Amino acid sequence: MSESTATTDRSSADGPESEGSPEEAGRDFGRLMREITQSDLLVVVFAIFAAMLLGGLLVVLADKDVLATTGYFFSRPGDFFAAVGGTLSSVFTTMFQGAIYNTNASDVAVGIRPFTQTLTVATPLILAGLGLGLGFRAGLFNIGAQGQIIIGATVGAYVGFAWDLPVVLHLIVAVVGCVLGGAIWGFIPGFLKARTGAHEVITTIMLNYIALNLVSFALSKTAFQRPGSTNPQSPLIAETAEYPLILGSAYNLHLGFLLALAAAGGVWWLLERSTWGFQFRAVGANPHAARTAGMSVSKVYILVMVTAGALAGLAGSAQILGTEHSLTAGVAASFGFDAITVALLGRSRPLGIVFAALLFGALRAAGPALQVQAGVPVDIVLVIQSLIVLFIAAPPLVRTMFRLPAPAHVKEVAA
Amino acid sequence: MKLELRGITKKFGDFTANNKIDLLVEEGKIHALLGENGAGKSTLMNVLFGFYDADEGTILLDDEEVVFAGPGDAMAAGIGMVHQHFMLVPPFTVAENVMLGHEAVTGFAKILDLDAARATVRELSERFGFHLDPDAKVEDLAVGAQQRVEIIKALSRQAKVLILDEPTAVLTPQETDELLEIVKQLRDSGTSVVLITHKLREVQAVADTITVIRLGKVVGTAKPTASREELASMMVGRDVSMTVDKGTAKPGDVVLAVKNLSAKDESGHEQLRRVSFDVRAGEILAVAGVQGNGQTELMEALLGVIPTTGGKATVDGEVITGKSIGDVLMSGVGFVPEDRTEDGLVATFTIANNLILDLYGIEPYSKGLALQPAAITEHAERSVEQFDIRTTSIRATAGSLSGGNQQKVVLARELSRPLKVLMASQPTRGLDVGSIEFVHKRIIQERDAGTAVLIVSSELDEVTALADRIAVMYQGQIVDIVPADTDRETLGLMMAGAHGEDAA
Amino acid sequence: MTTLVDAPVTPAADDASARRRWAGPIGLGLIGLVSFIFFGIGSGGGNETTFSVARQSDFFTIPTLTVPSQLTATALSVIALALAGLAVWATLQRRTLGWWLPVVFTIAVMGSLLTWAGAGREGTNVQITGLLTSAIVLSIPLVFGALSGTLCERSGVINIAIEGQLLFGAFLAALVASATGNAYAGLVAAPLAGALVGALLAIFAVKYWVDQIVVGVVLNVLVIGLTSFLFGSLMRDNPNLNQSMSLGRLPVPVLSEIPIIGPVLFNHNALVYIMYVTVIVLHIMLFKSRWGLRVRAVGEHPKAADTVGIKVNRTRVRNVILGGAIAGLGGAFFTVAAGLAFGKEMTAGKGFIALAAMILGRWSPKGALLAALLFGFADALRLQLGIMGSPIPSQFLGMLPYLATIFAVAGLVGFAKPPAAEGKPYKK
Amino acid sequence: SAAPEATPAPTDDTATPVETVDYKPCIVSDAGGFDDRSFNQAGYEGLQEVVAAYGMDTAQAESADDTEYEPNISALVAADCDMIITVGFLLGDATANAAAANPDVDFAIIDFAYNEPIDNVKPLLFNTDEAAFLAGYAAAATTQTGTVATFGGIPIPPVTIFMDGFLSGVNYHNETQGTTVQVLGWDGTDGSFTGNFDDQTAGQNLTTGFIDQGADIILPVAGPVGLGAAAAAREAGNVWIIGVDQDWVVTAPEYADIIFTSIMKNMGPAVYDVVETTAVGAGFSNAPYFGTLENEGVGIADFRDAPVSDELLAALEEIRAGIIDGSITP
């Protein structure tokens, strides 16, 4: 039930009543009602609305059709507002059609494709986000997911195209490869922090760049290139190493997504229900007390970073075994960095991270449609996406903007 | 300056910490505010100081209604406060902390005039017989020393109304007397003082009027002439025995043996020099001494928080020095740290979790990797009820508890498993008389159950009340180990370095 | 630099402190050994290395210096090893040696590396002056960025938006400079751009308690999006709004004519001199002035600051805006100072390196400068080796600055304690 | 839709089209984006021209990163594009998949060829090294210091092919004319790279470094980073820059006076032709298009201010002929 409160926890230090518990079912119901009226869900809806408006206006400014009308604005203001309205609505509908359901699709099967695309894109974000969230809970600000994804994907890719193994086994070995790769890349900063106190922010940033150079180097060697080509692009991985498509070949959604959900469950259990997680959270909240209580802070740091790396490695597997199937220097896209926002938006709670990742997935999935159908320049697409995130991260702002009631526990401070 | 509070109500969420409290402090009077832990004293003072804004009620200074947007306004209005939870910036030096907010500066770049600040600190600590190095970093100071800084900080501002929230909680008897003298002087020079303390002797010594609050309400006022028993029962709402009745100890064989133990602190100074002593099963050895004479390091070295540089310590013949903290704890050592908020609790964790902070790894709280929620809850509810921890729920965060109740959480945790040795630093710091009585009972119970108990306390009353034998520490060494009935004066002298026999 | 070796304070470091003392010496030893084997022996007998310290632009022209590669590289490596030995001894004696040791050590190793790199190359010789000059130049945005981060975090606000502030500064500088036809106008505009981003960060993080890192990351994306869009539309349609304007050099009289030091330190554009001043002023203000004391109090223990009447959130807002302005000023480096027109995402992640430099410099302006210089030097070295042509694959050369940083933080700096209240919104 | 105007083409103001053709050619960029001063931009501008000339409808999708190629192509397919031009080898797989899934859509891909041809994909390839060879020869003949230099963004074939051609051009001059001009920054296998296509200041410092080593003609193969090189050259004086992809005298006029020549890779015209022939001409064929000196798919721009002798120009003409008839291999 930490879960149920997870997304609404403002921080683990909020009000004296930080947890619900079975035996308080009655009060829980009261709280539930409170949370619905004041919940972040409502805020999210309004946040997206606000961001859309702002973003929409930007699109309008970026749109010459509309700008044209401003010229003779005073003579025929109607045109202007018509144009503005037109652009706005096309942006709204396109985002919906691009990310959730394609309303002008011939049949449902086609109509839901955008949604499956959202889930597919969310997969690596969930996994990497879980890793980072784990670190944040333990007080480690790990921004190394990018590098961990890259190394994981590199190892996995090699297993995928260079070895040939029987069906199921090949996939398993490839996934393990990704996990190991990521774990090793996570171990380094964990170890350095534990042994020398080296700040993880520095080491992880640097390791991201190093990973990028490593993969570029690998791709400059024939062992990683396609026969007869010198392009920095690996051969396609064997089909035996690919994640099976769970909805058939018409959709990109692959097994990795289920794996991600499972991982979310696992991480929740690890954090909230296991002795490891208990130590992680204790060290994160008060290392002095944790140490006095006999926990080994260094061990926790290493453990956390390795686990985080492994999860990022899994995210790498979603990329290489799930969608890309061929290793390039850009295999990690910007997932490693987006995952930071995802984890923080999800307040480092597994369920929160899943939701945040889905939001990001939807935003990314809507990108191409926005460009092609609504003719929104890619840069403005970026802006709209970031605005949505910003507003969603700012419930107090959205509340003031839309006069929503503030949740009781925000006022409280654990002195 | 005359101070009046009318109908102050302060709520935290749905919990009411102050309920329509009226309080009148006459000009030039010392007004003692009594109440058990969690009664709402600090909250009330924080409201007065403008740190919390009250949900209801008004504040009047010299019959003028005032509204404080923040402590800044309060100070501008002439109110100064010594906070129970020190408001000091750890990495700053004493001087910097004292000057913060009303700095002496030179030049248009407003460069700090640190010498002026140093001077102030020296001059004040002269006057109060505090020994403070203006250039010492606060984070390196023992809690007692930090308390002195907090006091100097408040006094250096020449407040017209001075709020003292448990200023003597961690002072030595001598320091306490000095402080009370100052307070009297201040009163005579017209300052109004609100004094919060759990030490009734001090109240009787200096208070002009006494107000007692319980569960956030004023339950009455009393004359300084009232007996300690009367005051105590007013606070707690039941009769409290001021003296611990403990049977004579029946020491068994040596459990904790310390041989020539030496240790350095983090800054590399040797704080512990070849300390040796034994504690037997079923006896209490109390370490007396002025704060900062190595007691802290002794405890930390025994637990393994700081590395030892020589000697060894054994529990039932098993060496514990050099072991990991976890192993030491698991070998049957219970530890109550000196600084509970820093080392004893995780403020953002639920009470339930704090109660298993060092037990999470053992049955029944976990099986293998898996925590056992049911057991954890059950344990939490048992402890809360046994130790009478005042809280709305075991799921409340430890940070929301009052000082006394936080201490109870730590004790409850450490006493909730079979122990060979119990090591407790300042076990009753900041506790109300009721809780003190309770804690002392529990410690003696533990002794009678055959546990070897090692207590460090700067509280002579506590030392004499609990100890079967008293070890006096001075400058990192054990001056002498004397019987429990040694008189206060002798102890006082020994704490200043004199040996037992020449002292007597 | 001495501050970089004082004793660690928190448990993380306590656990490590016992071993940590060794990380440094061992690291030095290993590097010394590598230097000896690869550069010393590796230089190959008979080869010669030519060092040149003068550039055609210089006032004095100093003849190039040619040395026997193997001998020189070996000698320098031996010196490095000796220093490493000294460090080991000092550790045994529980003594701390001053900042000079790492510095001299680095110089020795670098010397032997360069000797090796230049061994037996007729066409190219080792350009000491050029190397050091570009080290300074490449560190400029890092210094400003790290200063910005320091200002913000000292008051308790994490500033991940440095990248965005640099980029927006670069953008506005180019735009204004081109529009007004005056590079200095751009130099003035840059801080405004940064301050604007800073203000947004402040509003969301301080007023609305949004997670500071989320705001920062989002602001970065926002700035990238906006500048790229305007670059692709506004600036593309009217190229005269994005010309390459240059501040031009302002050689300091006399000083700039000293060999090596002159060209390296005193023959730059205004921005560099502003940088020198900013570092010094900020260092003094932050650690010696009332303003600094209050800022640090707010960042360490806002509640305590509040109880002595310091306006916590006001202080934070001001610092974040000021920090933004400084980063924005640093952004001017990419355009008007470098004499370049604006280009999409031209800051290329420098903001994040600056963030690392801030931590490496332990949240102090002086430290930020040193850390940034370290990185700038490693970066310049990487370019120099590429130019002279070296057997090291270019991708590994590309790693050099990052590896150097990791070594510095793990080996020399070790544990650094951030401002305690960093990242936590102040709610009462 | 507002698409074409959203990222306006230089040809916005072209006269109203002669005729209106009902054909919809579209384009997907790689992660470089349509203003990369390189093949994305060239391809995009070529498309805009042909679209404007024949009043065609069009659409484009810029890829923010490698994961967006496939979604972007499908979005264009969904937008009923008749032809989709994809830019760069990174889009190779995505294009092949899309082509297989949409046999009725024509594709053209720049800088990439498949081992076995695909019916509805036309590769557009460029023997850039032929042109670079000429530039190299000219540089070797012109350098005062006997040192020329080149550097790249990242070591990938589309970049290194320039450096290869340049290098062998210089070497050819050394062999035939007995000079000992040396090339810094590329030895045929590895060399100097900024590590990305964004960091102009890195290019600037790299160039300054080359100049310190005496180089007086420099070939930056790094998109916008080349501008950093130009700035450094301008600052140092007496240093020439060789432009790439397009004629920099046109695309970077402010540096016109220090542009030695440009190694042109005429992707714009190539795109124009492919679209034109498919839409209004002979129709689509998947036969690869090779840009060569012969068909002027690649070439070098005129030496404007550069001090080149008539002998050199003559020599270059011979070499061009030699390359075309195969007697000289770049």
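Note that the chains are named A, B, C and D in the order they appear, and that numbering of residues resets to 1 at the start of each chain.
Here, a residue touches a chain if its C-beta (ideal position, glycine included) is under 8 Å from a C-beta of that chain, and two chains touch if they have at least 3 such contacts.
Here the structure is a predicted model, which is why all the values come from computation and not from measurement.
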Comparison of C-D and A-C (more C-beta pairs in contact): A-C
Gap in Å, rounded to a whole number, between the CA centres of chain C and chain A: 31
Euclidean distance of C-alpha centroids - chain A vs chain D, Å: 36
Separation of mean Cα positions, chain B and chain A [Å, integer]: 46
Contacts with 2+ other chains: residues of chain C: 14, 228, 232-233, 393, 395, 398, 428
Multi-chain contact residues (two or more partners), chain A: 62, 213, 216, 220, 288, 290-291, 296, 377, 382
For chain B, residues contacting two or more additional chains: 305
Touching chain combinations (by label order): A-B, A-C, A-D, B-C, C-D
Complex contacts: residues of chain A adjacent to chain C: 62, 141, 192-199, 201-203, 205-207, 209-210, 213-214, 216-217, 220, 287-288, 290-291, 296-298, 301, 337, 340-341, 344-345, 377, 379-383, 385-387, 389-390, 393-394, 396-397, 413
Of all residues in chain C, those that touch chain A in their complex: 8, 10-16, 19-20, 23, 204, 208-211, 213-215, 217-219, 221-222, 224-226, 228-229, 232-233, 352-353, 355-356, 359-360, 393, 395-396, 398-399, 402-403, 405-406, 409-411, 413-416, 427-428
Footprint of chain A on chain D - complex, ascending: 1-3, 5-8, 26, 31, 33, 59-62, 64-68, 70-72, 74-76, 78-79, 89-90, 92-93, 112, 115, 154-157, 195
Chain C to chain D touching residues, read off their complex: 55, 57, 123-125, 127, 129-130, 133-134, 137-138, 228, 231-233, 236-237, 243-244, 246, 333-334, 338-341, 343-348, 379-380, 383-384, 386-389, 393-395, 398
Residues of chain A touching chain B in the complex: 11-13, 15-21, 23-24, 273-276, 278-279, 281-282, 285-286, 288-296, 408-409, 411-412, 414-415
